[in-house]
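Sharing a structure with you now.
First chain written, first letter: the chains are A, B and C, and each begins at residue 1.
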Amino acid sequence: MFISNTKKQQDEMLKEIGVSSFEELIKKIPAKYLNSDFNISEKPLTEVEAHRKFSELSAKNQKVLNFVGAGAYERYTPSAVKHIAERGEFLTAYTPYQAEASQGLLQTIYEYQSQICALFDMEVSNASVYDGASALGEAVRACARITSKKKILYPKSLNPQYLTTLKTYFGNSSEYTFEAIEHSGGKIDIASLKNKLDENTACVIAQSPNFFGTLEDMREISDLAHEKGALFTAVTDPMSLALVNPPGSYNADFAVAEGQSLGLPLNYGGPYLGIFTCKKAHIRQMPGRLVSMTTDTEGKRGFVLTLQAREQHIRRDKAASNICSNEALCALMATIYMTLLGPEGMKEAAEANAFNTRYALKELLAIDGITLKFDNPFFNEFVVDFPNHPCELRKKIIKEDGIDIGLPLKKLYPDMENSLLVCATETKTKEDIDKLTAALRRNL
Amino acid sequence: MPKQDEIKYTKTHEWIFVEGENATIGISEHAQGEMGDVVFVELPKMDQKLEKEKPCAVVESVKSAFDIYAAASGDVTAINDKLDGDPALINTSSLEDGWMYKIKLSNPDELKDLMDFTAYQEFIKQSA
Amino acid sequence: MNQNIMQDDSALGIEKSIEGRRAIRFNKIEDDSLSLDIPNNLLRKTKPYLPQLSELDAVRHFTRLSRRSFSLDTHFYPLGSCTMKYNPKINEDISMFEGFANLHPLAMDSCAQGTLEMLYDAEKILCEICGMDAMTLQPAAGAHSEFTGALVAKAYFEKKGESQRTEIIVPDSAHGTNPATAVMLGFKTVNIKSTSDGQIDLEALKAAISDKTAILMLTVPNTLGIFEFNIEEITRIAHEAGALVYMDGANFNALMGIIKPGKFGIDIMHLNMHKTFSTPHGGGGPGAGSIGVNKLLEEFLPYPRVIKENNEFKIKTDYPNSIGKIKAYFGNVGVLLKAYAYLLMHSKETLGETARNAIINANYLLKKLKKNYPAYCEDYCMHECVLTPSKELTSNKVKTLDIGKRLLDYGFHAPTVYFPLIVHEAIMIEPTETESKETMDLFVEAMEKIFEEGKTNPEIVKAAPHSLSVKRLDEVAAARKPNIKWDISDTAKQLGSATETKKEECAK
């Protein structure tokens, strides 16, 4: 499949090479390894068969009216985003190492960096890492390198997926200690933070909106961290930043986020977009690629990859990170998304999230037996308590109504046995939310 | 500027100029030429204890990074802050404005192994 | 506004911005009882400095940019080590099917049966092809796979009570990610030299290996495009010393359907879906990785894993000895779908044919080019070859970089240059199986022309490219004083008074 040369051409080429058969080219490979037997389909699918097969496979995923967020948000991807990102010129290019032949691609990365810096109010953004969780892993590793300290404080309200990934990023090494900051009422408990924070702390992590949807007072946490000489790493949601104060405004050293929120499809968890930003002072400790504007020999504007000597292909065992492939195409989608929305559109999208979620909360609280778990400022997600563990309810309503009511928190937080995390993004209408509340009402 | 005959060289292309128990260190004219345009210099920290022949700084060109090894053991007493804003000083003035750091020598005996200018020129020729 | 800005191909989106211009809009629920109710101290005070364009402006902006980039769809892209093979278009269509694209990663298993089946089956097929016992598809890329694999090895030795194994042996021809990965996990890298024919030096290996060695990390075929003919001996030496052998599968395109790495003693290996299994590189990513391991190491693989019970697919997270998660959720599922489509469109026979043609094409180019671009190794190559500029060129100070840039003028992307590091002025060429003989003949012709130019008119090569939208770019200035984002004052300077007003509005 997809091989261009005919059998006749292959033979001509072998002749040109000076061998009588293909086997001569690999004759030095021990014969016993060749022609290993293996068991896969004998009959490759044709394109039409493959199309059919995947239509059927995708239909096996049940379509639901979805109210689960918890770090991955159902977004509308504007058509223009899809169409441009699917252009072969972007889709099938490699990393732009040959700058002169990659000006368009390099410029889109420059625009990505610029827009992310604008949205985050940060000085530096790289060209992306794998996802929000790995971005946090890389940022905290950078904090440990910069401070030469080994203690890391994270909040219990941090997305649990991020926490496990973070620990893995440190190689599960006992050299580093990870201590949890308690939450009280769904917010970082400042007393707990003060209690654990000391001169040996490399990094304080805080997330806003946090896993429960709460907007934290990041300024206060950031100031406390800095007072003790620790660095402050913020985890955020880019969509929320059209409304709430950006990491630069509260003096974050590093700010990372899951960029899926910028119009990318859910894709069952990936590919997503690891947004990684930092202060200029930390630029040399930043992993990943970076594009700079420059000029050509005739003084014309151009773009190049820069500060490459930090990276693995040059620095090898002294590199800031091993990252090579990133999520360039996802970053391109986010770039087009932010360009299409502009400052007003971003604000509208964020407000649509906020108001949909507020409407959902209002309607849910009108149902007997549902109560608000945490009464905090929030963006597009909240936690409510049910009279019982909502897991069976979730199953039932998916089955009967095709509605996924939200994420039960018991598995992640055993003390929140009856809690449900609910999110209503801009993809939902008033009618959708009314369907959710009707289904819940019927079942409670 | 130190005179050529006052300077000693290491096999890893650093120069060292000793005044009593203090020394100034940089990289050789030959080495800066080989590296090409220097774009960034990472210096040792003030008061850092250096051990002879251990990496203590990094010089970067666009596509390469070079480890700089301590020319002698001692405590860092000064670093050349100017290199931060103007790393090209390594290229334009390797022996003068492009100096990298100063140390207080902890083991002056080590200096015996170093080459003088003539020996260093010979060393370059042989390693080419 | 400058009249020419919309026509200027290097003008930034922000420079084309007109205050008040809009594209996509969103409505919010009309309900008077609702308010934003976020305290003032948490609200954003200034608007982000983003472009304000119409949809047409934006589409045209990015479409014009796309035309200023080489890509596989537009140009031959013989980038060694990167396997720039054709990316079938059907992959793109199927990955965007709504059932896949809209599936939330925390959806209940019952809602995700199609995707889980795909993940389960893809693992099985890949295990078969590689001769490995178990597989995880969680890593997002090759380097991420290496990280995962090395962490699995670390966990294995810790459980075995051999945590003194803190070294990873890496040949000097290895990808830079190998040593970078080792160090991230606190391993010490021990470099061993290659022989002049690009093979691992067995004596050097024996000298380096000890009871401190955790992993021997190999690339097979190696980065010179040569199979390790002594592979049996190499894995034997490693295993006798109690170490594990890791195979960087970046070059698996040369082996699939022909040789199973599990057969020659590989304990852990990774695959790059975006190389071997035809998923597009996307300008640097997303890729997708995977780790295959033998039975002994399976319990350490990252969770979650997909299992099949009573004909139903389930996510299992309870693996007490697992290294944990290396990424949120499951992996780059959208990319894995494309790789899975590619796999299903192949049989054992056609996978082998793919590898055979990759090898034939590379040897064809090697044969045609080596007269004027001497090969680093005398042997036949596998899927790629490493060449160097001949004396005629170097004596005129024509470097590999220049040859690569001149190729751009002839309408070809440059090969990989200056890698592997052990080859002075390396030119690394990987045509892949999808390129035709005619395309390769044109490439050879261009390389010959460049050789002639290099001899008779070297300046034209040294100043290349001449035909693209920019000439050689000042990378030194960029690295010394990086300009990595637009800011209000810069764009104001370039655009004059039009943006000055914007600046004020933004500051309001």
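The rule we apply is simple: a contact is a pair of C-beta atoms (placed from the backbone, for glycine too) under 8 Å apart; a residue touches a chain by one contact, two chains touch by 3 or more.
Model, not experiment: these values are computed from the prediction.
Between A-C and A-B, more C-beta contact pairs are found at A-C. The most central chain, judged by the distance from its Cα centroid to the centroid of all protein Cα atoms shown, is C. Separating the centre of chain B from that of chain C, both taken as means of CA atoms, is a distance of 37 Å. The distance from the centre of chain A to the centre of chain C, each centre being the mean of the chain's C-alpha atoms, comes to 19 Å.
A separation of 44 Å divides the Cα centre of chain A from that of chain B.
In chain C, the residues touching two or more other chains are 475, 479. Residue positions of chain A with contacts to 2 or more other chains are 307-309, 314-315, 318. Taken residue by residue, chain B touches two or more other chains at 39-40, 60, 62-63, whereas all remaining positions touch fewer. If you check the complex, the residues on chain C that touch chain B are 418, 475-476, 479-480. Within the complex, the chain A residues that touch chain B are 284, 307-309, 314-315, 318. Residues 39-40, 42, 58, 60-65, 67 of chain B are the ones that touch chain A when the two sit in their complex.
Of all the residues in chain B, the ones that touch chain C in their complex are 37, 39-40, 60, 62-63, 87-88.
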